[in-house]
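Have a look at the structure below, then the notes.
Labels for the chains are A, B and C, by order of writing; each one numbers its residues from 1.
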């Protein structure tokens, strides 16, 4: 996994963090490369935020060590690390205006006033808030606060920027816009971004690589493509997108082995034949149990031989809602390409 | 929100309104009567209606050396007790806020004890300890007594503010490169400033007119409240006492009023941003 | 340099906690608790009848003195006064607290709360003094009573044994009025806080179910306000028990606990007896606090 041609920005070496009896993070090994947009994805309580806080220095590992560009920082306080954080609640200082907030890191490092003013202007430009320096955080919208928090972190030229669910509080439209902007800013400044989120779609859209967390450990690390197409475990298959998990007798009949495999709903074709040589195609008969029309696509619940329900998704290219809804109760043939069967480890 | 809730709010009956107004008047009219009596020319009784009007007692009180000495002592005691309360109360609040440790409840209980128990208990306890160790009464014995019940006022105010402050703000400051000292100066202090001010002013007012504990810890010294107390039991300077009482009301009213405004207005803006 | 000191402490959170806690704990623990302890110890000493010096030997002699009929009477009188004041305060506090909590507009409410809170913090002594003026024989209250031709009933009231006296300013009735006045804010605020927590929907539900306003008041509001009343009574009761300023100012020769303590330690120089005497209010208050906690009053504080 480690790519020797690039430098490792953050390395977790058997890192554990216990809170009393609770193992928030358990024996995690992880390498994050310089310059990558890396996401830590998982449900709440999976340990992703604790990992982020240990990189920032707000928390210290109970065991193991954390290295930043080769330096062991496990015991360094936050102000001794060249890492900055964008907080979930932004944590803007309410008694300072936008300019003072952004300049804070430079102020405590005793950078001259002129230099500070110049760099604050650059940052406001970068986050498209030019002219807002005099406002108080309370006068800003959620999206604007978000940009200020970003500017306040980036002005210090950190080697790594940590983002703790920064888009969680924004509405959908704004969130999608900020996703694009964040990605663009990361390209421009070329800093390693470590992004914590529970939103798999967000992680897939933005990341170079993703680590999927569950119960204090990492289930899988890989590119969005790998994570989506080749989930390593039932947890990943279920958490990132939707998957049909098939095991036992039915699995043996369909894939030749009783081991569990996952199959994405959109890979399954409903009724129509696949343009592939018959030996690569797996087909099965079923009955449509339920139909949910979702505009862009339609979700079918199909019961196949053996009593298992499969979720099938079809894009609404030609169909209309009228056609779709009448499918309920109909006998159908399902087919998919053999390559889309993803055997799960373990 | 206000207009909406006033529509649904039930109307109070006249009886309730009158009773509420009566209680309110009962609370405040007596003080106004003292103000009125500062103008009486009558030196020996509290005759009402006043036999006439004069402003001379203000001048008489102004010229009294003993009053100035008492005032100076009271101000000094209140200032030092307030400073001590600010330091001790803030430290205790910071400790309780920062970490969950065994006995947090006990700390709150210990700090509240001096105002939960009757003042005379604190007074006589200190008196006994001071006497038992043969410490002479001094300025400092008064201050020590006052600080015991002022600490809780600062503690409560500051702890409440800490609890309303986002914890990630302190982390954000350190994350941006500020060490603990810089974080305290640039982030913590500005955020608890009004709570410190409110707590400090209340502590000052509390100390400035405290009499029960002071009686036991002052020895022969006369604070302003002790001076008034002596006039209560053996009235010699009735008209001057009226002036002094008025002065004490005004000088404590200002910090208390400001402290109340400070704590209510900061909670308003808190609610506004949410 | 500062960074290094800061880092040193950052890596030792327990040390920081200890540094924060030491000054307040040292002060309150040593000075305050130490004094209370000294008080307790002294209550087990006794005074030599001839020399008037304290004999530092363990004895229960002083406690025995408390149970003399004279002292028992002092306890009963004080507790009776405290109870009367508490009940009266609860009664007159309720309408204002109820109005502030449930009827006042937000703006008016802010001002009313300030109007109730200011007397809580300020000028205890001056507020006692005010009544010295008001209750004086030639003062404003007498003038007013005269105006209403109520002298007869007043004289009758003052002639009653036990509560009467030569004038309002030198009688238990006068003391009662002053105590009631002084501690009133301590009762209003907890009741208001308790009523504040009664959701409006609960009142609406009650009237929806067909309860008349008076029924709603009796079956819904009063029970919910009760913890507030108990919380308020902690203050009114405790403060009355320990006060010696009001009895000294308006009382007669009949002692109250605070007054007795004050005179034992002062003129008589009998610290052990004064100490043993204060254990009375302390015990009563501890029992009271335990009962109050059972009744859920601490939530309303």
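Throughout what follows, a contact is a pair of C-beta atoms (placed from the backbone, for glycine too) under 8 Å apart; a residue touches a chain by one contact, two chains touch by 3 or more.
These numbers were taken from a predicted model, which means no experiment stands behind them.
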Chain nearest the global centroid, as defined over all protein CA atoms shown: B
Pair of chains joined by more contacts [C-beta pairs], A-B or B-C: B-C
CA centroid of chain A to CA centroid of chain C, Å: 60
Intercentroid distance (Cα basis), chain C paired with chain B, Å: 17
Gap in Å, rounded to a whole number, between the CA centres of chain B and chain A: 54
Per-residue overlap in chain C, given as positions that touch at least 2 other chains: 3, 6-7, 10
Residues of chain B touching at least two other chains: 179, 182
Where chain A touches two or more other chains, by residue: 77, 79
Complex contact set, residues of chain C against chain A: 3, 6-7, 10-11
Residues of chain A that touch chain B when the two form their complex: 56-58, 77-79, 83-85, 87-89, 91-95, 104-105, 107-109, 138, 152-153, 156
Chain B - residues contacting chain C, complex: 2, 5-6, 8-12, 16-17, 19-20, 22-24, 26-28, 30-31, 33-34, 37, 45-49, 84, 87-89, 91-92, 94-95, 98-99, 101, 107, 110-111, 113-114, 116-122, 124-129, 131-132, 144, 147-148, 151, 179-182, 202, 205-206, 209-212, 215-216, 225, 228-229, 231-233, 241-242, 245, 248-249, 252-253, 256-257, 260-261, 264
Interface residues, chain A side, partner chain C - complex: 75-77, 79-80
Complex interface listing, chain B residues touching chain A: 166, 168-169, 171-179, 182, 186-187, 190-191, 269, 272-273
